[in-house]
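Look for chain A in each of the two complexes below; its partner is chain B in the first and chain C in the second.
Moving on to the complex of A and B:
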């Protein structure tokens, strides 16, 4: 780690954030001959250590537990107690979980690599809701292809086709087949018009990118033990092979502006609390949809009294996720959930339709998490023990079903992130989250409740438990806050992913999405980051 | 394109996988507490563990560790163990599980607490200290995973080949074959 008196660090492009979005962009930029310097607040993470942490951890349902928190790069954690890093201002909680470390949050994602569908880009035109994107599906499609190749996505096949997202290239790998129990559910849900399909996953169905095929460790979250599932560290490592200068434990706290309001430098503080300055021709911010906001809001100067890229007070607004509800039940036949990858299939023919003018669309994930611990904990608390308990765990474990639905959140400017007066151990402000659910989502829940009941009935369900209306969990699809749009009064960046206020500042990742649509957002975030990289390349010519 | 086997051979990942897939991973907590030298639990505690786990054959090292850990937070543990053992025949005669807990609580709140804590340790591999901080003392060897070992591995472990999950587990296929024989 250089000190503040050493030779200034500089590159053609400075990328802030070493996750999937930053890593994929770095690979692309380096291949075009640009020099890239990457700053990451957290530390490098070791797969073997993370697996060990998981196995030795007392809170195995907490996906953050295996990931060490560095005092200079705190990260949200809510189990067993809220660590207070994200300050909830309500009225609804926004319990985001993200990892600050090389590779970012894709270390503990489910690997679902969905594209949006064309209608998702035209919500205002088609349904009179939220906004249209400033780009079309067709304009983003080439970047989806790039992202799928970089991440290694398996998908498609005879059952699923293109999932309603037209393709110019085949998937890099064949789709992973549905587990036995999913196939049984697929056949039974058909009777109520619900199509359970094997989903696109950033998970190897064959050896790819010098990584093995998935062999069903069923631990995609919190950590794939064999690297069959993509995570951002793989792109960062590839970029390092191409000449990336990666500086970890580098907490960026200020973007410095200069002539023409261009960004001239990033300032960071290291684990020894020494401050450094990094210069570049272009800056790409990929520090996730929350940490990126924090950096921008902290970067106040005479030209930018509200912070960088925030002349119209749009940074941090339109925070979204996919609020989720759930149903669990016991099917009338053994399904053996818990074998294979954790989220291999879902119901998607509920994603689009005229109803989107009235209520949220939805999609339903069938979960394949091993339910043994969950059921055991429940039955122990009820007083079961001995052979009766063993038989109940086995019988119910064979038949357990968990469905989770996602709803489309609307981009509400009052759902936002602002800086707190509270500081972390390195003197960096924490974030306050203001968040509420619209009726649009609640009406989506009402429809979903009926569909859940259809699923239960179609598979002979018993011991049914629905989550309540209004009680939604985060899906950890942090979106919005750096919205792409044509109007600087309602967005932060333009269709090139370039800040409205700064010619050489670009954004990547899920924060750029002006609407959340209805699918896991990582692939779209990476595609947008590759679009931003392309914009930088064009500007460098 | 590398096959999976070729990948493991060429990259050394096989060594990693074998390590990760080893049948027993000694938890850090055990290593730190000198688990290998944990004294053998008293016979009544072993008998209690066997009864509470339905004679499923819980790993004896786990039983010893659980006894050691509970001793730290439950004064008079061995006396309570004798009392719980004596109460189990009456408990087992109660049909509704919730009523069993009530019965134990009516005899002594500590008995209900011991019942739940030993069960939790044996089935989930976790114990709590006096402040309620949870510690992992076992993972893949816990009784819960023994109960389902016919059809599913503990998460992060895998003994199958890619796509094994498209078929039901072997015992289900066997039962199906026998039904149709």
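Moving on to the complex of A and C:
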């Protein structure tokens, strides 16, 4: 809790949300000499504590289990059962997962740090689907470079090149090598024209940023135990070294507007339910694509009866993710999946083509989670025991393959977040989610199913299990709710990541993405946050 | 006496400048003017006629490598030999000099004799006295041929126009002339000559250990005014690091085989035994790793032959102590809580959360990650190096292979004291108790 006598509750820039997007922006702003105050709803998180919670905890398969939930900052959790924080209005579920705490959700991710490809920015022009971005790939490219340096991204190399995303700078680190099983699958998938490449990862392949190289613990999720994988707390800590004033356990519930509809203050409630007011010249909202929406929708006043930045009722609409389908099977040779990081490679040559006018493109991740626990539970449930169980786990564990394909959602204004009448323990409204899948995604699934079958065949697969059409899981790439665009009637902010309605309010993170494209969204979210920081710097000159 | 430095960049910086202060007082009582004058003389070697200059430069490059000039005279990797590395002392801050051929900021206008004087006598251009952070106390043994080769090589270092910051030594420590008095007490100028009756290999090793590699600057204990004391290479303190005894006793290298010693000098690591960190990692990285194998074998032969220090039976061997940890299962059953803000955080909880991922839950190490039990740092009688490694981590790059351990300075003094005491008890010298105050001093 801030002591208002000693902590100045004012700064040049107030950043709301202490994740990767907020942290990277804070570093950039502080280096330019601006003062920054950061508000975070959740508590500080400590790597040692999280590793301890994970190692000593019972729910090894629940990525949220090690992360303590503060009553003032509830977070979605679905294991062992839905905790009811997100209210599903359907027709499809949107089981989002995110962490509220210093460092944010990058504490548990697989570190995939893809850039979009240039055509992703021109979907409407090229394919008559979705929308165009108000900026081009080339305009975002410098911010991608900055984000990669800040996060420490390894990638590229002789095999992978630039993955179709042209670069003005080399990757900060060499690509991590593919594990043995991935190398075998790469060779075998070649026969069906699928290119399995070692991916770009925010994971050290050498000591970088005073953090060690990955040594393959294979639990990037829920927690990298050695800090080889980037998380937002690393940027926040760097920013603190540059003078950041961080206040955690500070739940922002209102942005106050003033003359010219400028934002003049953020109001937050602390863990003792005391209310504080923070003023600033500029405000940057990086509180995740869902929680940011909640803050805006709650901030109703006479000038902004629909909430801040919401004159045209666009806030919270166009909610997206990457719906995912899966296939699991046993290959005809031992692959020893489960060595190295959890997502070291994926099939990348299915991301673009004329077909995007008809169906979703796809990108297939080969999962590298150690399958032992999954198979053990499965075979126990099937009645195996004793020696036979051990042998089956050993044999199948060596051969197990899990592929997951992502699909590109379309920005549907009816897919949206609205405030619920239900409140959390601190009296703040919960969120209701309306979500549905377009035919575009289902048609992507149909193609994906064929490609999955090719993969299975190419590696002599047996005991194949496909996920069903229409049954997609969330990839936790929450996008679209604060869309960037040139038309205020279809977007929330402009190409500077500045709110259409408020000259000194900016957005960062994945919510700003007007399309979800086909890749994990964090790197793009951080790049957009750095773009927003640049807009603030320009406005401060 | 020495102050901590934030980084672990170089060896010599850790030698503090108590020398001059104490020496001023002592020397006043001595009035040894003639001796000082004698010491101020520079023995300029005479170049042999008809030398192949390319070969001379190449030899000089090897001398510079073996003398590890680059470690202290470089603060930015992109500006080798341009100086600027900080040496913190209780009396202010020193910066290493620019020894590129830059005429203004470097040594471009030095005569050969002035370079020789700087290296072997601690007397720089125009008779200016060097502080013995520059190890002329060891380099004085450098042979004439090597010294001339070194000068020839230094003449080829391209000028870098970079001015190291001004020293911030207060009075009287900014009075460089006072170093003359310190030298009277602590410095004997003169070449290191071969010892009759010893093999060529032994003599080569002795020359490398005592003169070029200047091992004694860290590994030989110092007297109260920071001059060399006894026993030779019997172990020295650098405040944030302990330079261990490297004679053949139990507390030294008595339990090491010759191949192990060779491997350690070459790579900085002997699995299960020792792993170079801090200044020693830099010595391996910048210098020892680049020596010809024959030179390393020679150093081993010489070290092996040094008189044993101490009373062997009274000193436990630094290697081979402690045992594997088996408490993880019981710990998990106890539902441990990890409160990062609590000074009462349990040692085993911290070990499992912060150490076991790389060093294994038993402490037996995994692949390149060192085994903890039996390790020489954990078998030491002083906690200095363990605590320093926990605070600062390990950085060592040898043959393109990087060895890195992050520091755990995020843990509090009390937490690190608890953890260190547990590590000693479980994996090494169980007598060592570490206090929060000791951690604070090393932080």
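Everything below uses one rule, namely that the second predicted complex is superposed on the first by the 534 of 541 C-alpha atoms of A that agree within 3 Å, B and C clash if a C-alpha of one lies under 4 Å from a C-alpha of the other, contacts with A are read in each partner's own complex, and residues count from 1 in each chain.
Just so it is clear, a residue touches a chain if its C-beta (ideal position, glycine included) is under 8 Å from a C-beta of that chain, and two chains touch if they have at least 3 such contacts.
Bear in mind the structure is a predicted one, so any value in this text is a computation, not a measurement.
**Q** For A:55, using the defined touch cut-off, is the partner it touches chain B, chain C, both, or neither? Pick first, second, both or neither.
**A** Both partners.
**Q** Which partner does A:210 reach: the first (chain B), the second (chain C), both, or neither?
**A** In the superposition, A:210 touches chain B and chain C alike.
**Q** Which one hits more chain A residues, chain B or chain C?
**A** B
**Q** What is the contact status of A:339 with respect to chain B (first) and chain C (second): first, second, both, or neither?
**A** A:339 contacts chain B only, not chain C.
**Q** Between chain B (first) and chain C (second), which does A:46 come into contact with in this model arrangement: first, second, both, or neither?
**A** In the superposed model, A:46 contacts chain C only, not chain B.
**Q** For chain A, give the residues common to its interface with chain B and its interface with chain C.
**A** Looking at chain A, the two contact sets intersect at 47-48, 51-52, 55-56, 206-207, 210-213, 215, 217, 225-227.
**Q** Per the contact definition, I'd like the list of chain B residues that touch chain A in the complex.
**A** Chain B reaches chain A through residues 1-4, 6-8, 11, 13, 16-17, 19-20, 25, 27-29, 51-56, 92, 96-101, 115-116, 119-120, 123-124, 126, 134-136, 139-140, 143-148, 150-158, 160-169, 172.
**Q** Which residues of chain A touch chain B in the complex?
**A** Result: residues 47-48, 51-52, 54-60, 80, 176-180, 183, 205-208, 210-219, 223, 225-227, 334, 336, 338-340, 369-370, 372-373, 376-377, 379-391, 393-394, 397-398 of chain A touch chain B.
**Q** With touch defined as at the start, can you tell me which chain A residues reach chain C in the complex?
**A** 46-49, 51-53, 55-56, 206-207, 210-213, 215, 217, 225-227
**Q** Hey, which residues of chain C end up touching chain A in the complex?
**A** Residues of chain C touching chain A: 331-332, 335-336, 338-340, 349-350, 352-354, 357-358, 366-367, 369, 393, 395, 402, 404-407, 410-411.
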